[in-house]
Amino acid sequence: MESVGNIVMYFIIAIAIIVFSVLTVTSRKILRSATYLLFVLFATAGIYFQIGYEFLGAVQIAVYAGGIMVLFVFSILLTSRPGNSAERLTAHKKWLGLTAAIAGVGVCGYSLLSYGELMARNMSVNLNVDIQRIGEALLSTDKWGYLLPFEAISILLLACIIGGVVIARKR
Amino acid sequence: MIWSNVLIYFVIVPLLMLGGLALSKSVKQVRAVAVTGATALMLLAAYLVIEFLSMRAAGDVSPMLFTDSWTWFEPLNINLALGVDGISVVMIVLSAFIVFAGVFASWNINPLPKEYFMWFCLLSTGVFGFFISIDMFTMFMFYEVALIPMYLLIGVWGSGNKNYSAMKLTLMLMGGSAFLMLGLIGIYFHSAPEGGQLTMNILEIAENNAIPHEWQYYLFPMTFVGFGVLGAMFPFHTWSPDGHASAPTAVSMLHAGVLMKLGGYGCFRIAIYLMPWAAGELAWIFLLLTGISVVYGAFSACVQTDLKYINAYSSVSHCGMVLFAILMLNTTAMTGAVLQMLSHGLMTALFFALIGMIYGRTHTRDIRKMGGLMTIMPFLGVGYVIAGLASLGLPGLSGFVAEMSIFVGSFQHADMFHRVLTVMACCSIVITAVYILRVVGKLLFGAVQDAHHKELTDAEWHERLATITLIVAVAAIGCFPNFFSGIISEAAEPIMKLFA
Amino acid sequence: MEITMMMYLIPSLIMFGCGVYGFITRKNMIAILISLELMLNSVDINFTVFNRFLFPGQMEGMFFTLFAIGIAAAETALAIAIVINVFRAVNKVDIRELTKMKF
Amino acid sequence: MEFSYTVAVLIIPIVMFLFLGIVGVKLSKKTAGVLGTCAMGVTTLIAYAAALTYFFGTEQGQIVDGVRQQLEVMNITWLEFTENLVIKLGILLDPISAMMLIVITTVSLMVHIYSLGYMDGEKGFQRYYAFLSLFTFSMLGLVVATNIFQMYIFWELVGVSSYLLIGFYYTLPAAVSASKKAFIVTRFADLGFLLGILILSFYTDTFDFVTLTSNPGAAIASAGGATFMGCSVMAWALTLIFMGGAGKSAMFPLHIWLPDAMEGPTPVSALIHAATMVVAGVYLVARLFPVYCLEEGTMTIITVIGCVTALYAAAVACVQSDIKRVLAFSTISQIAFMITSLGVARPELHEGVGYMASMFHLFTHAMFKALLFLCAGAIIHAVHSNEMSKMGGLRKYMPICNIAFLIGCLAISGIWPFAGFFSKDEILVAAYANSPVWGIWLSVVAGMTAFYMFRLYYKIFWWNNPDYGHHTPHEAPMTMTFPLIFLSLVSIVAGFIPFGDLVTWNREGLTTHINWGVAGTSTVIAVGAIILATLLYRKENAVPEKMADSCRGLWTAAYKRFYMDELYQFITHKIIFACISRPIAWFDRRIIDGTFDMLANVTNSASYAVRKLQGGSIQGYVWVYLAGAALLAAIAIICII
């Protein structure tokens, strides 16, 4: 049995995710979309906190909400003129998108439902993901170690930095 | 050791040329490398002939000489297997001659001489590789290596409607290759009796003789059509007129002279040799088709106005004769077929070389716009007449020997059907005379049509060299045919015994 | 009342659906990127949720999400660099009009 | 064998050809001409030595039991088809080949000498001599052939030399088309020859003349009575081989090339188109005579074709206005005599006199026809025209030529003691012996021969005396008159050669005697015809024109050679070119090529149709991807349920 606070928190998060996701893709002003996305990202971080992955939640907020959103906002400001809102969607396009989205959701939802017994599972209580364990796992080379992907990611990031510089550089 | 086999050098030398060309800086260096390589190939071919003959004279009667095999891909038993018999030897000599003459015929190629010669070398690599291999996979690989450069050579250095022609040629030949590959894979999976080690080696397959009859029924047409497309068999010949018309001189030479021979050679070496039962059963269909090729090509050539089209259709007729003779399945006709390949290769190369030289001067290939060129460029004129006479089968030049061997050989067939077809094929000699003399008359004789032509010059030294090389080769075969036919029939005889 | 796995997956699923819808319908390249982020995010949630509920003793899902966040950051940065560059070149961010390099 | 030096008669001309052909342009004209002529002289000497030794020597086994042997002087393998079918190049000496050696070298030498004057100053003089050497080589190779395939090889070579020489003035369209026509028509005939060889060799399994002719019965029997379309295959083979001969010898209906071939230089006409190459067909039939005479049907065909041609050509010759054309048709007619003579010859009739008569006529005809042509050349050289209307009264200007031409005319008309009398007499004897129909037919033609020859003679040398303006005709130089004199002498005395002893079908001696019944009749006819011609053409008058007017239709038809050329023109251009070649070319471009182009176009449009799927729109991709995934999932779900 969960604490009531937990349940209330869950509903707030879930409703926030659903509502802001929908708003993100339907808003006609791009800057608003970005703002709604920010809320979605925060809500996602909330889920991470709720299920006990505090580090992940922190990263989510720092990287996504802090870093990526700033990029989005800057780029929006750079590329859009004042008062410039997205044009109305054609019905055709809308239906296309809706069909695809609903078909996807339907298929996935069906498969979720068909694993009802598995899905009804509870969180186990004991969880031990302290920062030390994460750090050790991230930099170890034994069975559950992630040094190689870690290094790969760092090279990737480096490449991205260089790529970003090269691409965005003024000629 | 791979380096101890002389055959491998036929592939190595063009590859070295390729490297040399890549490094050369000026047109002079490009030419020097090309000439050196072509000469080396000629010498190599001469050495091969001498060595081959002395080995035969020493009593070596194995079907292939200089055999060697190195594993390439163990799991599928693919090897780089080399070996030559009399037929491959003469084909190698032919290729060497034409590559040599081709280098001189493309002396002033423009633009991008270096790239041109590099593709040219790659093409030669494929051609030589095909003739020295006895492994189906290697053969097929070299076959493709020879085909692909054609696309660029025509597409880049060609003239006229070159994009269309290059595309058509490549696509049709690739279509043939698709059939061929199916056929080869089919052969591979029946290459050994139940439970035996599957093999790509032609000699082993022939020895096993394990392809079931019901499979031969499908595989024979596939391989025959696959190679037949390259051999310009009716109705798969239409790439030839357009392709030849658009190709640059030396490429036409190499293509008609050597590449089309890959078709005939392949038909013989793979389709007939490996599937004798089906060859006997199904030959009549292809005899009809090739018989049509012979007459049809000749008739078509009669009304063309473009020099290269005339020659391309004449090639259809002559190459049809090659396949026709192969299908007669006896030694004499087979010998004739190989002689015809030699002869057609040399004289068509000569033709295309001369057409290229004339075109380079007059900038037209329309025979209606030319005339009286004999007075203006006597050397080219005489060369053209000789090529024409060789083509219509004048004794003393190669065409006669080849055609007579084919006719006599084909007529020895016990079946009335085959003899009637032979009579039909014989008719082509008259039609050939008609279109050759028509061209010679319009092009070289009569009054000069275009006043500008009067200022044109005769051949330069490199053009003379190319022409004379080919004429000498044509005359050598025509005057001393027994030497060549001896080498060939010796190789053909054991295979043709399968049908006796 | 229990908070089951299903209850986390359903918002994530809806978020993914929104992402798909947005990706297909929007014209603005940045809006497309935003939709992409939505989808990515929903997948991240799934990873962690599966990890937490099914294999609580291990951390694969969590690490995967961690890396995904890192890569998403990099990818977004790069994508935005491209967008800005394109905008500089053609003064547009509408993908329907960016057909210069087509064929 | 002591005849091995005979090889030189082949080697010298071919070496000369190559030499003059390759380095000729570097030599001066005079050097080239003299060199060619000297080489020919040496060849002639060797050929004479060989032939005379063969005929009159005794020591080398030429004659065994009164039969002249066929000596294979040399026989090297040139190309091996199968064990028995081998093309050999060799030299076979027997009466006819020895006789032909003499004919060819004599005429060729005369033509070489004559050309020194006639072709003087022509462009391509060296080339001309090279071609003459090539022709001589080929012709000699043809007559000494040991097997039928060797004959075919040289047969083609003479064809091509003839082509080259007819087209010698290659800037003139008429010469070019004439040479083309000659080559293609004879080539068509050669197709028959080749097929004949194929059939013959298929059954007899040999090409060799000696094997074939020494046991002709076995050769015929080897077919085992096989038939094709109702006739025995051997008859087919022999008829087809004869077709080759008919083409070369310009027998009706394959004669059309010969009159046009007169576009070549006149000495060439004398050598090739009068004396040597055109009798190759006769020689071919003679060579295989033992086999031919066993096939009665083929012999009948030969006789009929010979007779028809003789009459046809004589009729046409009566009205032609170009002197070379008259001579050309006269040649056709005379060769037809020889062919007929072979056709009517049977071993049992007068010991096969027809064969001997044919060869005899071949010999004499070569001499006097070469003479006539060379005279015509001298006349053309003097008048610069071929047309009779431009000539007349030339006897005053060209006395030697006049006499020589007269001798030629008398010889061809068959007046005693000129050569033609003897040979034509033997032919008539042979014809009457076979059937009076042929005899009477040939006698009539012989009369026509005398008529048109004297018509020609009078029109050139008498008739009127036109104004020649500045170019008064004059006698030709010595190089040209010497051959005329020499050949005139030969034409006078050749009739007395005892041919019966030398050349017979079974190579045994044959006693000939002049059949005065036949000879008298034919002489009377000839003299009558000559008198008629004299009355009509000696002085310019209007009678011939009136006669022509009275039967204008026939006259025009004959003048137009009974429209044979037009018929051929129609067949080749309207039927073969327009109805076969063009439709085939069209079919090739439109249907076959069209099919492949259509395949390409269909592929192309199909790819255009699916191109939208990958138009670069990521959103589109995603949609298709999702739709596909959903579809697959739906299928999976349905399947699971």
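When the chains are written out, they are named A, B, C and D in that same order, and each has its own residue count from 1.
Operating definition for what follows: a contact is a pair of C-beta atoms (placed from the backbone, for glycine too) under 8 Å apart; a residue touches a chain by one contact, two chains touch by 3 or more.
Just so you know, these numbers come straight off a predicted model, no measurement behind them.
Peer 1: So which has more C-beta pairs touching, C-D or A-D?
Peer 2: Answer by contact count: A-D.
Peer 1: Counting only Cα atoms for the centres, state how far chain A is from chain D in Å.
Peer 2: Centre separation, chain A to chain D: 100 Å.
Peer 1: So what's the Cα centroid distance for chain A and chain B, whole Å?
Peer 2: That gives a centre separation of 66 Å.
Peer 1: Distance-wise, how many Å sit between the C-alpha centres of chain B and chain C, to the nearest whole number?
Peer 2: One centre to the other, that is 61 Å.
Peer 1: Based only on mean CA positions, could you tell me how far chain C sits from chain D in angstrom?
Peer 2: 94
Peer 1: Note the residues in chain B that touch 2 or more other chains, in rising order.
Peer 2: As it turns out, chain B has no residue touching two or more other chains.
Peer 1: Where in chain D do residues touch two or more of the other chains?
Peer 2: Chain D, residues with two or more chain partners: 622-623, 626.
Peer 1: Give the residues of chain C that touch two or more other chains, as numbers and ranges in rising order.
Peer 2: Within chain C, residues 20, 23-25 contact more than one other chain.
Peer 1: Considering every pair of chains, which are in touch?
Peer 2: Listed in label order, the chain pairs in contact are A-C, A-D, B-D, C-D.
Peer 1: Going by the contact rule set out above, which residues of chain D touch chain B in the complex?
Peer 2: Chain D reaches chain B through residues 77-82, 85, 87, 149, 152-154, 156-157, 160, 163, 167, 170-173, 176-177, 179-180, 183-184, 187-188, 190-191, 194-195, 198-199, 201-202, 576-577, 580-582, 584-585, 588, 592-593, 595-597, 600.
Peer 1: Where on chain A is chain C touching in the complex?
Peer 2: Residues 1-2, 6-7, 10, 13-14, 17-18, 21-22, 24-25, 30, 33-34, 37, 40-41, 44, 47-48, 51-53, 56, 59-60, 63-64, 67-68, 71-72, 75-76, 78-80, 86-87, 89, 93-94, 96-98, 100-102, 104-105, 108-109, 112, 116, 118-124, 126-127, 129, 133-134, 137-138, 144, 146, 149, 153, 156-157, 160-161, 163-164, 167-168.
Peer 1: State the interface residues of chain D toward chain A in the complex, per the touch definition above.
Peer 2: 622-623, 626-627, 629-630, 633-634, 637
Peer 1: Which part of chain B faces chain D closely enough to touch in the complex?
Peer 2: Chain B reaches chain D through residues 167-168, 171-172, 235, 237-239, 241-242, 296, 299-300, 302-304, 331-332, 372, 374-375, 389, 392-396, 400-401, 404-405, 407-409, 411-412, 419, 422-423, 426-427, 429-430, 433-434, 437-438, 441, 444-447, 481-482, 485-486, 489.
Peer 1: Residue numbers of chain A touching chain D in their complex, please.
Peer 2: Those residues of chain A that touch chain D are 96-97, 99-100, 103-104, 106-107, 110-111.
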